[in-house]
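Right after this note come the structures.
Both complexes below contain chain A, partnered by chain B and then by chain C.
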Partner chain A sequence: MSIAVAAPVAAGAAPLRRDIGPWALTLPLGAAYLAFFVAPLLMLLAVSFYADERMTTLGLRQWERFLGDPFHWKVVADTLLLGAKTVAATVLLGLPLALVWRTAPPFWQRMLLFIVVLPLLTSVVVRTFAWIVILGREGVVNALVLGLGLASEPLRLLQTELGLVIALTQIEMPLLMLPLLAVISRIDPNVIDASASLGASPWRTLFTVILPLSLPGISAGCLLVFASSTTAFISQSVIGGGRLVYLPALVWQQAMVVSDWPFAATAAVMLMVSVMAVIAVIALVGRVAAGRIGG
Partner chain B sequence: MPRLSLGRRAALLSLGGLAAASIATPARARGSVTAAIYPGAWDEAFRTHVVPALKRAHNVDLAMEPLFAVDQVNKVQAARGAPPFDVFVLDPGPRITAIERGLCEPFDARQIPNRAQVPERMIDQWGIGVSVQVVGIAYNPRKLPVPKGWADLFREPFVSRLGITGFQTTFGTVSLIEIAKVFGGSETNVEPAFVELKKVLPRIAAVGAPAAMPGLFQQGQCDVMYTNTQNVATLKERGVDIAFAIPETGAPAFLTTMHLVKGTREAANAYRYIDTVVSAGVQEALSKPPFNFIPVNQAVPLGADMPMRSLDEMANFVSHDWSKINPLRSDWIQRFNREMAR
Partner chain C sequence: MARRRSIGELAYTLVIGGLASLALVILVGPVLIVLATSLTEGRSIRFPPTGFSLQWYELLLDPVRSSQIHRAASNTLEVAALSALLACVLGTLAALGLARLASAAGRALDAFFMSPLVLPGLAFGLAALVYFTLLGFRPSLELLIAGHLIVIVPFVLRTVGASLTQLDPALLDASASLGAGRLYSFRRVTLPLIAPGIAAGTFLAFMASVDNVPVSLFLSSARTDMLPIRIWGMMESTLDVRVAAVSGVLIAVAFVLMVVMEWLVGLTRRMRG
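Showing the complex of A and B:
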């Protein structure tokens, strides 16, 4: 992934088992990951290959059921599209804010950072219900729209994809902003000054200098926003309502309401695979861009 | 000096012992019990009345896990012998499923001293009735006229303010069955309900998860929905404009029962909990506004604003044969979610 952590290597100190030392330190976490992440994941995969709900015979029936039904493909497409729309909205709103942040005095930088991180400090349930109050038929937005005479009927925002994207944009914004600000703060101001002194307009500097240099941050942020919004089960079901079906809701419904574990496992694996495929593309774009800048 | 220090140690020890004893014996709770509870009105009502009553009567702490009946059964089954809670609260359909799947401990009614005040037909070898639920139409009387029956929900002015939910709850299932019946269907044929819903779907105000419905009604997102009398009472208490209408074809009524979960380690406290729930004191408190639970304890009179005057009137309400509905239900649940999807 593009978020690389530079590991400080102690050059002088060379204990006997230098090669093993750092690896041994990761053993507890590694073991925990094996036991509580990798093993359950393999079990999930195995469960998806049971042919019947009671899990007695093996077979590909669940996969045929999932892949052979256009409804499920539509759910996959809607889920990925929701992620794409949220990513687009967060980038469109977040990027200008990041540019303002770059040139702001230190006090305002701290204030902006605090405001950006604020959504992370409230619980997801509270955030989601706050959006119901804001987007509802008798909510804040509609009171304003009707009060200003902009519409004669209340706008339908709750239980629509537009409303869901609006809410997710606010909820996921910190995940874009934190990596983006980290990268953008490291851009050497001299490069920008050089661009200006060589006669580039501010727009040209933005598109040929600042944006390419911040691409690693943008791609890291997009990756987090995409993964988080496609799997945001609570926001999707509460703000989206019953008419918008996304993969997390399908998994939950099959596992907990219908009690069909093999099919739920199939849907869960599909969610993971499709989201990971898109994330791989985003990461690749970020890496290619970073590579081009690096030389 | 050694003697003094010994004395001091002894004094400390005995003081500590006294303190420990005073903490250990009378004040310590006898333990705890975890009970599943329906989200919403039941959760609030039990928090208000049952938690303190159980603490007072038996010194037992009550923890509650809000889950609808179908979710409870699936969660216990998923836990495979390590039950996440000790007591079920179930409607007739999931009750049959739980018993069939072997998820209930046999119920020993002799452990419930208050059973004498509960009608005998509400007690069996698997559990005991704790309340009667009545399902009908809830509407906002300031925005809508009184709906006469299920068919009204599909006409203006109701349909564009209608909020619906699927088959995953008992109130949703019986309402959709009653809707199907009005349009020519039956207990086992809900096709007409799907056909009618499909026709009006673009105009419907909200399609929500069952737990989301009270919130959607409170926020004015929908102004008419099907639900049970307890949810109506709870919303009314919060100042929401809401009234309950009994459909002209009759309101479904069913018994809600409690059961011990297979493999519970807190059987004794579970019985104490259930006994507290059916006790006259708690049943009376629950039957008062804002909760308006229909009591099963015969020492408690049914209030004036209850949908029935006595438990014998249950025969006049609509009842359903869940042994026929259960095998069809999971297909209905999936079909609803698929056909209502945009």
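Showing the complex of A and C:
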């Protein structure tokens, strides 16, 4: 659950004179971040450089183990691909919903917003559970498919990547919708009317006017969806099952089952580095798009 | 030409309308299906549910047979309340500071404070476990509160920051020129105006803590069990229908709280940023 990251900071809105020093106000939170955020992450990085499980000798053994094994590279690639597929699916469904929302009357706009936010406030575990009920052998989809005679055997949807992407689409969609709706509601309706009255088809207006103007919102949303879906351990393990291995499962298994902290730390650092690299690219696209609109 | 355009328009309406409807069904459907499932008379989770009964809710409320769930729920509430309170105080102070820092350094600090939103939570969860353990701490609710604080404070920063941008500086100038001291102006002008933002942010932070998996996954233990982790355990092992009943309760609570917060502080407007 989250709010538009792209929203600009209060840029010098209230020049309250030079006084108690605004920096001092950020000090308590800064101290908490140093003690509970920066220090743990640095420690994680340090632990990945222990050569043995009992953490007595330093060395690059864990990194050699991780980077030298094609299986681990496949896990990294699968994790990033899962995020990309989820992002694509949420945009494919979320953007049309945002377009409908833009032209809806105020009452329906509020109702739609409510519908988008409610899943966000119901636990991720609850939403994951819902998809077990829907995709399971005796679930909703199979009841429909068998009832309509479309198949003679129950479909296998749980423990497949398709099922997982469908579930993650619902679980993560609100994260895309909030920043997207924020940006799309700020588009000047006159621009869209102008495009239409100059003879552009709705498709052309969508791709040449609305889409470029919503890119900052889309990128802010994609960023959150990507970050959240690649780290969604419970959804991945419950819906994806044991055969689909993603980085979070590798981290959890190595840390809590095998108790090999140095290797778990290595996998966790890889998770951070690879996800943050993709996120940096998405953020850059958003920034460039925002700059083009501004300029 | 005119006809070609109308076909294009029809296709546009159909495609966009169709995808938007699908999005709505996917968003709302699962919530309704969980509620329906939790009212089943049967002994297993299947759809459509057979009959109607409240037996799973009764079992869930039974203090003896569901004691582990109750304990996890009370731990979760305690951690959420205290971490949200901390996030409210520290986050509001920091947002007040950040609002007055227009420099590049101020923006960098803001990005740093917001980074837990996009940083893989699971990596942070493991980092917190390793850190606290190597420092010699045993698993406790206090450690969970510290871990949760980091991942929920961005919600307070964002909503309070948004309220502060909407604050008219002329009000503060007026207050100052009428002879009010800075603290008095803050208490009588700034605070009342940003209070809804603080409330909305603290509420979102609270809900994020209740919902948190990545940090609780590593920092909770048998003694400090947390609700989402317990539900996960129930889903992995037996998949008893009580999972549906817990889910039903959580959905109902979220719904009621959301309606109340919408009415009090215009929650959804503030989440849109």
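In this text, the second predicted complex is superposed on the first by the 276 of 295 C-alpha atoms of A that agree within 3 Å, B and C clash if a C-alpha of one lies under 4 Å from a C-alpha of the other, contacts with A are read in each partner's own complex, and residues count from 1 in each chain.
As a convention for this text, a contact is a pair of C-beta atoms (placed from the backbone, for glycine too) under 8 Å apart; a residue touches a chain by one contact, two chains touch by 3 or more.
Because the structure is predicted, anything quoted here is derived from the model rather than measured.
In the superposed model, A:Gln159 makes contact with chain B only, not with chain C. Applying the stated contact rule after C-alpha superposition, one finds that A:Val257 touches chain B and leaves chain C untouched. Residue contacts after overlaying the shared chain place A:Val238 against chain B and chain C alike. When the shared chain is aligned, no partner comes close enough to touch A:Phe107: not chain B, not chain C. Touch criterion met: A:Val124 reaches chain C, while chain B stays clear of it. More residues of chain A lie in touch with C than with the remaining chain of the pair chain B and chain C. In the superposition on chain A, A:Glu138 makes contact with both chain B and chain C.
Comparing the two interfaces of chain A, the one with chain B and the one with chain C have residues 129, 132-133, 136, 138-139, 237-238, 255-256 in common. Contact residues on chain C toward chain A in their complex (touch as defined above): 5, 8-9, 11-13, 15-20, 22-24, 26-31, 33-34, 37, 44-48, 86, 89-91, 93-94, 96-102, 106-107, 109-110, 112-114, 116-124, 126-132, 134, 146-147, 149-150, 153-155, 158-159, 161-162, 164-165, 167, 169, 172, 182, 204, 207-208, 210-211, 213-214, 217-218, 227-228, 231-232, 235-236, 239, 243-244, 246-247, 250-251, 254-255, 257-258, 262, 267-268, 271-273.
If you check the complex, the residues on chain B that touch chain A are 70-71, 73-75, 77-78, 164-166, 168, 205-209, 212, 215-216, 219-221, 330, 333-334, 337-338, 340-342. Contacts from chain A toward chain B in the complex involve residues 71, 75, 129, 132-133, 136-139, 158-159, 237-238, 241-245, 253, 255-260. Residues 1-5, 7-16, 19-20, 22-26, 28-30, 32-33, 35-37, 39-41, 43-44, 47, 92-97, 99-100, 110, 112-119, 121-134, 136, 138-140, 143, 166, 169-170, 173-174, 178-179, 181-182, 185, 201-203, 206, 223-224, 227, 230-231, 233-234, 237-238, 248, 251-252, 255-256, 261, 264-265, 268-269, 271-272, 275-276, 279 of chain A are the ones touching chain C in the complex.
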